[in-house]
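In the part that follows, the structures are each spelled out as structure tokens.
In the two assemblies presented below, chain A is common to both, partnered first by chain B and then by chain C.
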Partner chain A sequence: MACSITIRDVRKTYGQFVALDSVGLDIAPGEFLTLLGPSGSGKTTLLMILAGFIRPEAGSITVDGDEILRKPPHLRNIGMVFQNYALFPHMSVGENVGYPLKLRKVGAAERYERAREALKLVQLDHLMDRRINQLSGGQRQRVALARAIVFEPQILLMDEPLSALDKKLREQMQIELKHLHDRLGMTTVYVTHDQREALTMSDRVAVMNHGHILQVAPPRQIYERPCDRFVADFVGESNFLPVEMRGGAAVFGGIPLQLAEGQAAGAGGKALLVRPEKLDILSAAPAPEHNPIDGTVEELVYQGETMLIYVTLPGGETIALRRGTRQQALSEMPQVGEPIRLGLHRDDTVLIDEAAHA
Partner chain B sequence: MHDMTACQRGHTLNRQELAADERREKRQILGLSLPAAAIILVLLVIPVGWLFALSFVSNGEIGLANYTRMVEYSAYLSIFSTTILVSLFVTVLCIVLGYPVAYLLGQLPPRLATIGLAFVIVPFWTSILVRTYAWLVILQRQGIVNDALIGIGLIDEPLRLAHNLTGTIIGMTHVMLPFLVLPLYATVRNIDGDLMRAANNMGASPARAFRDVFLPLSMPGLIAGSLLVFILCLGFYVTPQILGGGRVIMVSMKIQQNVQTYFDWGAGSALGVVLLLIVFAIFYLVHRLAGLDRIFAR
Partner chain C sequence: MSVGPLPIAPYRRLWLYGVVASVLFFLVAPIFIVIPISFSDSEFLEFPPRGFSLRWYAAYFSDPQWMAATRVSLIAASLTVLFATPLGTAAAYAIHRAQSRWVRSLHVLMLLPQMVPLILIGIGLFYVYIQLGLVNSMLGIVLAHTLLATPFVVVTVLAGLQSFDMTQEKVARSLGASWPVAFFTVTLPQIRLSVVSGAFFAFITSLDEVVIGLFVAGGDNTVLTRRMFLSLRDQIEPTIAAISSLLIVITLAALIAVALFARKAD
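Presenting the complex of A and B:
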């Protein structure tokens, strides 16, 4: 029932600005794919091209093998949730949700029933007669979602649908959207600049920058094995430590690093990617599988569930690590100015090419 | 416990002083609005009241003579029906010509829209008298339009475009157009483009999306603009006087005649009062149908 989407060599420029530079992407039937990137990366442009609101200069987009690029938006049968919801203020909640069915000439009684069903999915079937301006932000978001799925499109597009909600509601909606997708199984393309949201919801994430797709992979791979420095930097928190290459070994601070399997040192400039939560504080006894990193505690920042510790290394770099704030951990926390020995487990080492996308 | 007592004490701290501040602020706001209220009283309430009183005086006697005359003489009926029909026609013409302009301006990027808006507003800065005579030059028997049409051989005899109803309506429509375009543009500009895209996305063709979404959302501006045009038309004097050539008699012209020619202030006042009542009636009707507060609150 769900469709596959194949995007080939889609290009769009605005004058000198290249919004999309020959982008290609395959999306599997029923997949939840997120386009993740900073503003201006081309993610929204690609979504708008899928919806038919922007005409690219060249390229091809097929849905189950049928070319859709030259179809006008109203014939594409693709559901979409807009960033600001785009609910019709002159219609009630029920009329909004029923509108796509009205366009498909569904009779009033069936329309009402199906609109109610769709609203039930988002737990708002009791608000059918409300005006849009009587709804809260979270409720509007749900109505927009119900309206986008009520006509059972095989593809659902979402353009930063949660960005206007506060943090708690956003996290709750992320889970709800994910469950809804699991239940309905439509191919979903989701646009966001929030890396955590992308990791939470997606089957695969496509990281975009400057009109290019840099990496397409499942969330874990995007976070644990980013393909380049931009992806590593954009997704999650990261420290980059310069490493030297000596005789096939990666050397940091004069010590050869133990690397994870598959992390070849290779040639060219490399940096070691260190995520703050992957660092351990080593006790006196050296752990054989840890790469030791010595430094001095510079600053402690208490952030509630975690504590951020900034450590200055002998080479002058500052790296951050995170620790949980259980009482025991807090009591063992080093003080500012004290020397500290950090450990990076062999399996957590990730080498990144320095040159690319600098 | 310590925090609690601090909170409770806070309930009475500075209570009188803050209440006094509040009262002083209210007095200041009231004081600021007094001059405006005084101006409205002197320039509007008193003259309209005076007009109303005058309308009941005829030949030095107090009575309804000025009003009964309007019912007795069919000439008055035809003057009122001409006025209303001309105003209606001009309003419809303004909608037909002005809606596409406002729509286009609403779609343009802000910089271009400002330039376009300037074209709508610039005629505003020219006196209505000048513009009306300009139309006379353009529309008269040996005017630009007739010369051109005869020149290209489309017609043999000059068309009667001025000194009649045609000229009146052309001139009035030109003068009134900005009054429709401006409020409509303000409304249309604020219609979120995503709403139309959303309708398209759900399967509405551009024409259908316009009918179902854009048109209803532009209604407040359209009604406000139409109301403005229609009511201004009801009292319009200069343009019908010059371009009508005496063939189009509107209420305003009859009032002028009563006052200037016959020095009959009472008769003129009565006409003014009836015109005002018609305006009130229209406002009431629109309010009942569409809700004035919704139209003008935006």
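Presenting the complex of A and C:
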């Protein structure tokens, strides 16, 4: 049932504004791929082109080898969940979910049965006769999902479907959506600007900015080995420290850095990427596997599950590190104004290109 | 939560009640004069009536000329509804969906028939209809009334579309509905209330129309309003009041029907 999607050189402009600049992407059958980017990055435009609501100026999109760009939306057999759900208020929950089946001339009895099955997948089969305005936000989201999958489309598109939900429900739905995808196995393209959501749910994440896809990779790679400064900055929290290239080695604060495997110092134009949770506080004992970073504690911010410690470096940069808040850790927490030696394990020592990749 | 304006003390609002009452009085007063006159037993239009009778209703219903004019008016109004409602709905839909500012500005063009003085439209239509052989024909009347009624439909349907979420149509299309199917199964059911009110306005517009009728609706196809106008000029007798009262009742009944429909739709 699942099918592959091949996107080639898709371009879309609005006057002077380039929404998509020759975008190419291969999506494997059954893959959960997330388009991640800030607003205006082109992620929603690409989704709408897939759905058939926007026609690009150039390019091709094939599904299992068949060109779909010339097909109108209703012949593409693509399920879609919109940000605002767009349920039909003049129909009951059951009628909403049965709607795509009705269009496919499925008889009333079978329609009812299949709508119930789809609603069962999202645990709402007891609400079939409800009106839409009697549902909560989370329930609406599930009905919209059931409606989009009830006709067993080859592809499921989702446009920030969880953004209207509160944080707890959103995190719960992320896991549910992921499980549902694992069960149904349809090729899924998901759009979000929430990097945590993208990392949580996806097989692969495509990070977009200014109409370009900057990096397509599994969540771990996106986070641990971002291809450039934009990706590193957009996904997760980052400190960037300037490094000098001296004799084939990257040097920070006068000390040559030990790099993670596969990392090369290269010619120049690189920065050291330091994630707040990767930093250790070094004690007096030597730590040969750590790159040391010396500084002064500037501020402590208590955030519940973690404490954020801002450290000023001799070069004037401020970097942040995170520590868990177990009582023992709290009692050992440094004080503001104290000198501190931080350590970045060599396996976490990653250099990134300063310049944009695309 | 927004904080509303401070409430005004009841006694300081008294003058507002006074203003509203007098406005309502001026609006409604003619009705309170026409209806009693229609039940008068006098030969003339006089108020207050001296005696009670139904003779003018009887006169109306027994006069073949009045009946013929009524029939013409009702047929014209019904046909106007059939023409103006789909036309106005389609126009409003197009204006609402259009991306280009150019098409959106057609909105103003659509409302022109309501801004041009009726007498000018009447004269213009008369000359055009002479060329086309449409003077005093049912088609001519219906076309003229459609011209006047369509803007009402456009305005009411546009208002209805304002509160309709067009994403629903996109969803319907992604779920397998061709664009017309999406319109008829998702959009239209949700804006039907404004379409029905638009149709109602179209009906009343046609039924009430006098000026254009004077130019293009004579002969066998004399509309009721034209006959009333001529009758007022020739002889002043309370049949007019009886007809007016009936028109008021019809209008009220239609209004109530729309209101009931609206409540059911909720």
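Keep in mind that, in the parts below, the second predicted complex is superposed on the first by the 356 of 358 C-alpha atoms of A that agree within 3 Å, B and C clash if a C-alpha of one lies under 4 Å from a C-alpha of the other, contacts with A are read in each partner's own complex, and residues count from 1 in each chain.
The working rule: contacts are C-beta pairs under 8 Å (C-beta built on N, C-alpha and C of every residue); 3 or more make two chains touch, one makes a residue touch a chain.
A quick note: this is a predicted structure, and the numbers were derived from the prediction, not measured.
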| item | value |
| --- | --- |
| Clash or fit, chain B versus chain C on superposed chain A | clash |
| Touched partner set for A:Y99, first chain B, second chain C, both or neither | both |
| Touching partner for A:L50 - first (chain B), second (chain C), both, neither | neither |
| Touched partner set for A:P89, first chain B, second chain C, both or neither | both |
| Doubly contacted residues of chain A, that is, touched by chain B and again by chain C | 51-53, 72-74, 76-80, 82, 84, 86-90, 99-100, 103-104, 147, 151 |
| Residue ranges of chain B touching chain A (in the complex, touch as defined) | 192, 194-195, 197-206, 208-209, 212-213, 216-217 |
| Complex contact set, residues of chain A against chain B | 51-53, 72-80, 82-84, 86-90, 99-100, 103-104, 147, 151 |
| Parts of chain A lying in touch with chain C, wherever the complex brings them together | 51-53, 72-74, 76-80, 82, 84, 86-90, 99-100, 103-104, 147-148, 151, 157 |
| Contact footprint of chain A on chain C as seen in their complex | 165, 167-168, 170-179, 181-182, 185-186, 189-190 |
